[in-house]
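We call the chains A, B, C, D, E, F, G and H, going by the order they appear; numbering starts again at 1 in every chain.
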Amino acid sequence: MSDWTVYLSGEIHTDWREQLVSAARDLDLPITFTGPVTDHSASDDCGVTILGDEPSPFWKDHKSAKVNAIRTRSLIDRADIIVVRFGDKYRQWNAAFDAGYAAARATPVITLHEPDLTHPLKEVDAAAMAVARTPEQVAQLLAYVIRGELAR
Amino acid sequence: MSDWTVYLSGEIHTDWREQLVSAARDLDLPITFTGPVTDHSASDDCGVTILGDEPSPFWKDHKSAKVNAIRTRSLIDRADIIVVRFGDKYRQWNAAFDAGYAAARATPVITLHEPDLTHPLKEVDAAAMAVARTPEQVAQLLAYVIRGELAR
Amino acid sequence: MSDWTVYLSGEIHTDWREQLVSAARDLDLPITFTGPVTDHSASDDCGVTILGDEPSPFWKDHKSAKVNAIRTRSLIDRADIIVVRFGDKYRQWNAAFDAGYAAARATPVITLHEPDLTHPLKEVDAAAMAVARTPEQVAQLLAYVIRGELAR
Amino acid sequence: MSDWTVYLSGEIHTDWREQLVSAARDLDLPITFTGPVTDHSASDDCGVTILGDEPSPFWKDHKSAKVNAIRTRSLIDRADIIVVRFGDKYRQWNAAFDAGYAAARATPVITLHEPDLTHPLKEVDAAAMAVARTPEQVAQLLAYVIRGELAR
Amino acid sequence: MSDWTVYLSGEIHTDWREQLVSAARDLDLPITFTGPVTDHSASDDCGVTILGDEPSPFWKDHKSAKVNAIRTRSLIDRADIIVVRFGDKYRQWNAAFDAGYAAARATPVITLHEPDLTHPLKEVDAAAMAVARTPEQVAQLLAYVIRGELAR
Amino acid sequence: MSDWTVYLSGEIHTDWREQLVSAARDLDLPITFTGPVTDHSASDDCGVTILGDEPSPFWKDHKSAKVNAIRTRSLIDRADIIVVRFGDKYRQWNAAFDAGYAAARATPVITLHEPDLTHPLKEVDAAAMAVARTPEQVAQLLAYVIRGELAR
Amino acid sequence: MSDWTVYLSGEIHTDWREQLVSAARDLDLPITFTGPVTDHSASDDCGVTILGDEPSPFWKDHKSAKVNAIRTRSLIDRADIIVVRFGDKYRQWNAAFDAGYAAARATPVITLHEPDLTHPLKEVDAAAMAVARTPEQVAQLLAYVIRGELAR
Amino acid sequence: MSDWTVYLSGEIHTDWREQLVSAARDLDLPITFTGPVTDHSASDDCGVTILGDEPSPFWKDHKSAKVNAIRTRSLIDRADIIVVRFGDKYRQWNAAFDAGYAAARATPVITLHEPDLTHPLKEVDAAAMAVARTPEQVAQLLAYVIRGELAR
């Protein structure tokens, strides 16, 4: 079976990506994982660092957000599946934005969040193909989807 | 010039839609405004009320969110422009989801929020064609876009 | 709010379409209902009656099925929503085909069937935005989706 | 000539896939065959096994059907050709759904079924590019399509 | 049922369009018929007459063909159904081009030609939803497709 | 024949639009003409006037250009045909941008310019369906395309 | 520079494909050439040989034409460029069909024919990016397009 | 991370492409750079050199522009990102055309120009994801987008 590409969107201040990648590696899954830049300050500063300073916080954010979008849109467009992680901190509107973007392109979405976010995330979950609680569950989903084998 | 359809996404617990519709009416703009169901309890209960009860909160939410999505996706798909309002309460992930969905379909997005949300909304604003602070500004944007006349 | 078009696919030997249209009329919903030709013998014979006889049953069916497809594809392509009814008689593969066709085009699907068909229809229901049991429920779903009002 | 991908949809309780793959191997065809998970119980249980149990049979089915859909949609989207097998047992609505989905995406469909299913499958066959009776015929079709050589 | 648009492509030196339009009018069908410019010399000369003469026959033809294409592509793009007529005179490659163009856009094609053209037209007929012999048959097809009533 | 929408892109400091609209009115053509805001200072100032001042000329331009793009993209998306006028003054990169945008969407483009711009406009003209020299020629093209009648 | 795929459509009773492939090989171009089955009798018989005989010539042709279409549509869909050859024999409606199909998908078309076919092919040539007279010219076009080097 | 393709559009009389490619090579970026034919006379003459002379300058330009478009459209269609360079000489309408074409296809655009072109390029810049001043900045943008590492 050919290789798969999975984009990991959302929360950047916990190690859920590492957990998921590690779990997938343990299962020897043929997956290329992609994602946004997770170095928070690089992500915030890339626009002004590369293209020149901005006195206004709005345009500083704007410049960086667009540079980041070159990466995120390109990688989401190439992904077979997108996993979107919501945590309890910060507003994470970019994660919900990515989910909407992927849904409009008919790319399957897997959400990953705690049960206490069920109500505020109901519209996002309704557009998802699976709602997981742990990175290990996501790894098992990917193993099942790609290999067709269900570990019990 | 032919009529326009504008979808109003986001915050449902303030009267920003009424303010915007009223301002547009004062300007006599040829706009059909659409939007999600803004009666919060109807929106939460539509699934179980129509299709039968669910013991689990997850599936209750899921059923309602999907029924609401029939409406919201259909209306966003028909809209020429989508206005997305973010307020300071609640997480409003569905608003960000709508913005991502519209952006992927190349429907122009206007965001509407206070300056203090600039940083967390930077990715959404980066995908928007205009970032407004008040419903009156949105009405003026629509007047300019549709009529080509700039009030000074 | 502008008018809606709803395509009614599936079972043709019961009066579920009449029940649904009547319920929608009682609610005064601004819907144009469309659907396949429900006169079974006309549907079976249209190809050979108009275009000339065929000795082989396969090509007789083929000719008619293609003529019917001009109608059904055109009307599904124009529909805002498609309702797909599965009954307990016949195999109704055309209903499932329509659901798959609509799903690929991102047209919202509402399925309508008894609970005992839940397991064999699980893939179709998984692609649906709502699973209803009665034509009245479908009418209420449409009323909610179009008007945003929830009768309790 | 470059490699081809062929998705094998439908009937999972006979060995038609093995027969077809074996016939294609004998012909040394450069084909990657894909398909749904054919372990019936894995397919039924994947949702609850990975993501947690459900008391309701409907949601159990729903969860699994969506997980399976991540796989089936992704693989159908990548396929050059889809073969859809209908047998005499079970209702196989998912096979007809796949055919409709592929037809809407303009992916060529080959159906595979006995002559006694001609009438109920007429709409599906009308959307197909070929209607075969045996896996060997499908292998010969693929050999002709890919190599351009006709064995007589 | 809403109105339909049917584009009439192909042969311009017989009165098949008039026969078809007349037959459709007798049946009171809600159809807007469109088609290419059927005044042969206007069609040949439009480019140089409006935009200036060309010494080379190639560029004279090129200029006119492109001006005609503004019309034909626009009208085919708007059509619900395209009827393509092939006669026994001239090469009519533009008719086959239109059929290929419509097929790629999934617009249903009805071909209209005598049986002696069956072999050279087999690829075009294979992409058609119906193959008719007379304008009256096309009118009956349209009546059935639009009204769902089969005259016997 | 149904109505047509024609978008008039490019040069805003001459009266070519008025000449074209007037010529079309004389021919009684069923056309809705649309276009960008042609009040130069309104077009430059709309962003800062409505949404608030900017100290930097770059962001002032940026804000206005995006607000104008809501209008221009929406109207080009709705147009059946786009006419793009290039004059001898200014760089008019936005006109060439519009032509590229329309070409990618397969909307027919008519260019309007003097012969001395032939060489620098060769890529744009190569993507056009007609290259006209005067607004009267464009009106005659539209008359021919819409009515199928060629004035000689 | 990455590899290119070029589909060779049209005339099958002369050796223009061999001439073109040979000329491209001499230029060492990184091209995969594809095309329809050029064994005329295999192309005519594939349907009935593989899938079973047909008493009617129409359905014999129909079966084969659809089987051939699985190949031709798939290969045209994968092609970067399509070359369409028209000769002076036979009607070659399938070649014009392929050109229309490719044009609708925005795949660049190069036509190849003698000057005496200019008038009947004017609509097809108008949709082409280049009109060549010899296979050697096509090879030189491909060399220029791919390598960017012009032999003089 | 997989390889990227970046198309370099615009100005051909300075060495900005070489500077950018060299800067990217220094950073060891996994990028395939593509672009138009930058040999000006080859680009002007390709049509008549390969396909035969034209007495009219218009058609000479037209023939070459279409041959070049086979290359440029194909390469832009394959690109992940397009960089568009505007200089102070010539009108460079083809660069703006490419930007519009890419924007309509949602391919991310990076513009590269001096600050004095800000006003005339405002519509193009408004559609860009980044506006750079030097090839080195573009190389740094690509390094950040592809590797996610920000050099400070």
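Please note the rule applied: contacts are C-beta pairs under 8 Å (C-beta built on N, C-alpha and C of every residue); 3 or more make two chains touch, one makes a residue touch a chain.
None of the values given here were measured: they were computed from a predicted structure.
Common neighbours of subunit B and subunit H under the contact definition above: A, F.
A rotation of 90° superposes the C-alpha trace of subunit G on that of subunit H, rounded to the nearest 5.
Across the two interfaces under comparison, F-H and B-C, the one joined by more C-beta contacts turns out to be F-H. Of all chains, the one whose mean C-alpha position sits at the greatest distance from that of subunit C is H. Annotation: the subunit A:subunit D pair of sequence copies touches via predominantly different residues, less than half of the used numbers being shared.
Per-chain CA centroids place subunit D at a distance of 37 Å from subunit E.
In terms of their C-alpha centroids, the spacing between subunit A and subunit F amounts to 41 Å.
Averaged C-alpha coordinates put the centre of subunit A at 24 Å from the centre of subunit B.
Counting partner chains per residue, subunit E shows two or more touched chains at residues 66, 69, 106, 131.
Taken in their complex, subunit H has these residues touching subunit F: 57-58, 61-62, 64-66, 68-69, 72, 86, 90-105, 115, 118-127, 131. Residues of subunit H touching subunit G in their complex: 5, 32, 34, 36-39, 42, 45-47, 49-52, 63, 66-67, 69-71, 73-74, 78.
Residues 1-2, 4, 80-81, 106, 108, 110, 129-133, 137, 140-141, 144-146, 148-150, 152 of subunit E are the ones touching subunit C in the complex.
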